[in-house]
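Next come two complexes built around chain A: one with chain B, the other with chain C.
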Partner chain A sequence: MDFLNALVALLNFVVVPATAYGAQLALGALGVTLVYGILRFSNFAHGDTMAFGTMATILFTWGLQAAGISLGPVPTALLALPAGIAAAALLVLGTDRAVYRFYRRRKANPVILVIVSMGVMFIYNGLVRLVIGPGDRNFDDGARFIFTVRDFREATGLDEGVGLRTSQAITVITAVIVVAVLFWFLNHTRTGKSMRAFSDNEDLALLSGINPERVVMVTWLIVAALATVAGVLYGLDKSFRPLTYFQLLLPIFAAAIVGGLGSPLGAIAGGFVIAFSEVTITYAWKKVLEYLLPQSLEPSGLVQLLSTDYKFAVSFMILVVVLLFRPTGLFRGKSV
Partner chain B sequence: MSAGNGTGPYGGRGNNDASIVKPGSGSSTVAAGPGGDPRPARGTRPFLEGRGMTGGYGRGPDILHDCTIAVNPGEIAVIVGPNGAGKSTAMKAIFGMLDLRAGTVVLDGTDITALSPQDRVARGMGFVPQTGNIFTTMTVEENLEMGAFIRRDDIAPTMEQVYDLFPILRDKRRQQAGELSGGQRQQVAVGRALMTRPKVLMLDEPTAGVSPIVMDELFDRIIEVARTGLPVLMVEQNARQALEIADRGYVLVQGANAHTGTGPGLLADAEVRRSFLGG
Partner chain C sequence: MKHLLTATAAAALLAAPALAQDDTVKIGILLGFTGPIESMTQGMATGAEFAIQEINDSGNFPLGTVEPVRADSTCIDAAAATAAAERLITSDGVAAIIGAACSGVTGAVLQNVARPNGIVMISPSATSPALSDAEDDGLFFRTAPSDARQGEVIAEVLAERGVNEIALTYTNNDYGKGLADSIQSAFEAQGGTVTISAAHEDGKADYSAEIGALASAGGDILVVAGYADQGGQGIVRAALDAGAFDTFQLPDGMVSDSLTDTFGSEIDGSYGQIGGSDSEGGVTFAEMADEAGFDATGAYTAESYDAAALMLLAMAAAGSTESAEFKDKITEVANAPGEPIQPGELGRALEILAEGGDIDYVGATAIELVGNGESAGNFREVEVRNGEFETIGYR
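Let's look at the complex of A and B:
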């Protein structure tokens, strides 16, 4: 019984939240890794692309709510998501036209593009704050829980319970669908294969008659969709605040690099590695250990390895270790 | 497998470095100047011809000096010469990868000097670079599909032809091209170029870095390709073996035509043998 209680507590405080967070990071990292694979630079504006897409979705959600449209137990934001994606797509395509294309034509060094993307990041950042403000926005409506901790306890008779929030379930389901569609697209469509070919060997792709501008355009469309979906899921799960999205850049980059830059499979694995490390290291294990250990060994402190304030340090540590010992990442991406 | 380079008078393997100039003999060869008319036999119009090409990379010095290379319909033309003679450069010039300061490139009667490499592919030139000539992270079949990217019609028959030509690729069609051996990778590379159904095939050192046995097999395959009526232009380090299968051979020295003739003719030429083939 104690063991079961420990397991359920672990599920409730570590596994469920980390899985949802991991799915959000994985979607974010997929966007970063696609830009890296096709356009060959690290896109620092990705976090703020997510923020912009989420902001647009929130605005459309408000519009739908004002019109009295809702999805019942499911958040209205899911209905506004396609419009948010379209807005983000317009933004990144416009940016590509106005900024990135210029440097691409000059065959600029990737490091220059990284700095350029930082400039873009600041502009997006300001744009989002101007439109929606720097504060917290909670746009999650609909049912809050699929089942609560209390429901679970009453149903099983255990001391501990596990709750599942609607946003967490939606996150995981959406992420699975998005990833499945993306992989089908990359592996089975002509355009998807041409993107992989372009990422693999640019010169040979050009020789084969693949149009680079088209590949770049499709990539930005996919990146806008991934960023908006990731941002909206994160916002539903926690809340929307522009600064938080900017800070998400670090775990997202850590996930993409840990998995291997340029490798979509790696981005997903990396997302979960980072999320689970972050949550397990900042979780107070006292409760779980109380169930598992004999009374005499019970911990007196919280057994929290790192305060949640330092959660970004976890991404940094993993990043440093991976870059030292396996610079190409888990799935043999490109070396940074 | 049995088509002939092991049977010729110079069939011995192990002369892979034969194209390196023997010490002391280089200057006299250059002084000897063009031996024979670089243009193909009178009467037939070459299918692809780079005429009087002069140029180099970017703003750098000229590497090619009034260099002429031509391929007749249905023939194999081979460019050989010592290291640094501009063999690959000559081929890249024909393919439009460097700006010519003088000279023209004519494909099937049309002047294509101003076209980009991509446009030349669309016009029917198939090019296999020396390195980076396959998509390593994609399967063999995907490599072939990407080769046919510009085509909008059914590519399945062409793919069957490629598999018939390189049966090993049919067995490995689902395998990542990067996992294959050197010789198999070269087959993927040639197969990819064939997928566009080119009117002329250009190979930049197809046997670089493969073992002599694999080299013989690759040459056999190239002969088979040429037998289908597809003209082949090839740059080769292994001068002796390449000239044996060549209808037309070009010996370049310092970016200029030094000797031109039929493959067997060049092999029999005492001076060519002395300077390039190790006697």
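Let's look at the complex of A and C:
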């Protein structure tokens, strides 16, 4: 019984939140890794692309709500998602046309593109705050829980409980679907294959007649879709505030680098590694250990490795360790 | 002829300052007219000057006409505030100072200017607990309660409800930290246990990690010393989602309708307290302010009125504007025994004092000076019932 209680407490406070957070990070890191692999620069504007896509989705969600359309227990935002993706796609394609293409044609050094993307980041950031304001927006309108902690406790009779929020379940399910579609696209379609060819060896790809502008355009479309989906899922699960998306950049980059920049599989693994490390290192293990250990060994302190204030420091630490000992990341991506 | 002229001029020169000293009592109003609380300061200064006006209009002030002199304490720049206070004393020749507004500069002015010059200061708005223990030679008073006082009130409330173990989280700034420390010390002094005291940052999207730690430490109730529109709300959300805590103790920063608008009945049974009293003085003051054309509900406006009134009544009681002589009278006129004095009755209070009687200044905030010369503060106790904050009492 004590063992079950410990397990349930662990599920409630560590496994479930970290899985949802990991899925959100993985989707974000996929976008970063695609830009790095195919367009060959670190896109610092990614966090704010997520914010823009989410903002567009929120605006469409409000429109749908005003028209009285809803999905019942599922958040209306999912219905508005395609429109949000379209808006984000227009934005990144416009940016590519106006900014990135200029530097691409001059074969600019990747470092220049990184700095350019920082400029773009600040513009997106300002744009989002201008349109929707800097405050918190909660746009989750479906049923909040699939089952609550209290339901679980009553059903099982355990002291501890585990709750599952609708947004957490949707996050994981959507992430699985998106990743499956993406991998199928990259491995089994002509366009996907040409993208991978372009990523592996640009000159060879050009020689074999691949249209680079088309590859770039498709990449941006996929990135816009991934960013918007990741942003909306994060916003549904937590809350939408432009600045938090800007701060998400660090764990997302950490995830992409840990997994190996340019490796889609690595981005997913990296997302979960970062999420689980952040949560387990800042979790106070006292409760779980109290159930597992005999009374004489029960800890008196909180058994917390790092205060939750240092959550972001965990991403940093992992980033530094990976860059020192395995610069290509877990899945042998490109070295940074 | 030449002699006469010189003599007259000399006499005039000598007489003018002497006359001014006899007839005019200058009071410095040292508040943060520029800086982070500038929006509040105009109302505060108006409140203080309103009391001075009332004293002057009554014609009963025995020491002359009172003249307010404003100076800017900036709220954050201790050097600028110190210079402004020096100027008030040396070039304006004020008898005492109302201010400063923010806790940090108030401490600086107290140590660098008020104590060396032996000048009384009454702050209407500095709430830092640190000022309670500051060396002040009996010169410093405040009409706003220290945050430490709220900590004691919270400990009392918890004890009455039979709570023995609390988990505590606070917003990571001076307010949150000061309040959390005072809650912890007051609660532990009563024999309660604080299982954890953890900071949370405002403006984050997700507080599940913080709640993980708080839940692991456990406790009968979670005390959230934060802001209702900021991290405090996120903490409550995450605690409810994780099933970690169902009821919360909500200090003043959390007692806001935005909290009940968000959570409704989900937080039924949670309780808290916020500064406020049901005194008739507050109502009277609001009416008087309405007539005079300013807003009495502004933060610390009533406290400013009380600060000025207390200072002048103490001077009248001592029959002197010398700080050393009237500083001991401040607590005397503020507290019982004596005739209770409401706002608008300052003229009557002066008459009673002139006749050698005793007064108990109640004022706009039902003020009672305790400890080291600070307001005991009045708190309105609230509880969430059916998704609304309901007032259940005052203490």
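Methods note: the second predicted complex is superposed on the first by the 336 of 336 C-alpha atoms of A that agree within 3 Å, B and C clash if a C-alpha of one lies under 4 Å from a C-alpha of the other, contacts with A are read in each partner's own complex, and residues count from 1 in each chain.
We adopt the following convention: a contact is a pair of C-beta atoms (placed from the backbone, for glycine too) under 8 Å apart; a residue touches a chain by one contact, two chains touch by 3 or more.
Note that this is a predicted model, so its numbers are computed, not measured.
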Notebook entry, point to check: Since both structures carry chain A, what do chain B and chain C do when superposed there: clash or fit?
Noted result: fit
Note to self: With both complexes superposed on chain A, which partner does A:R241 reach: first (chain B), second (chain C), both or neither?
What the structure shows: second
Item checked: Contacts of A:Y283 with chain B and chain C, given as first, second, both or neither -> second
Next item on the list: Could you look at A:D309 and tell me whether it touches chain B, chain C, both or neither (first, second, both, neither)?
Entry: second
Note to self: One more residue to check, A:F13. First (chain B), second (chain C), both or neither?
What the structure shows: second
Notebook entry, point to check: Given the touch rule stated above, what does A:A197 touch, chain B (first), chain C (second), both, or neither?
Noted result: first
Check: Now for A:A87: first (chain B), second (chain C), both, or neither, which partner does it touch?
Finding: neither
Check: Shortest C-alpha to C-alpha distance from chain B to chain C once the two structures are superposed, in angstrom?
Finding: 39
Check: Of all residues in chain A, which touch chain C in the complex?
Finding: 12-14, 17, 21, 144, 148-150, 153, 161, 163, 165, 234, 237-241, 243-244, 278-279, 282-288, 302, 304, 307-309, 311
Margin query: Under the definition above, what is the set of chain A residues touching chain B in their complex?
Written below: 190, 193-194, 196-197, 199-201, 203-210
Next item on the list: Give every residue of chain B touching chain A within the complex, in rising order.
Entry: 117-118, 121-122, 127, 129, 132-138, 142, 145-147, 149-150, 192, 196
Margin query: For a test of understanding, state which residues of chain C touch chain A in their complex under the given definition.
Written below: 172, 196, 198-201, 203-206, 208-213, 215-218, 234, 241-243
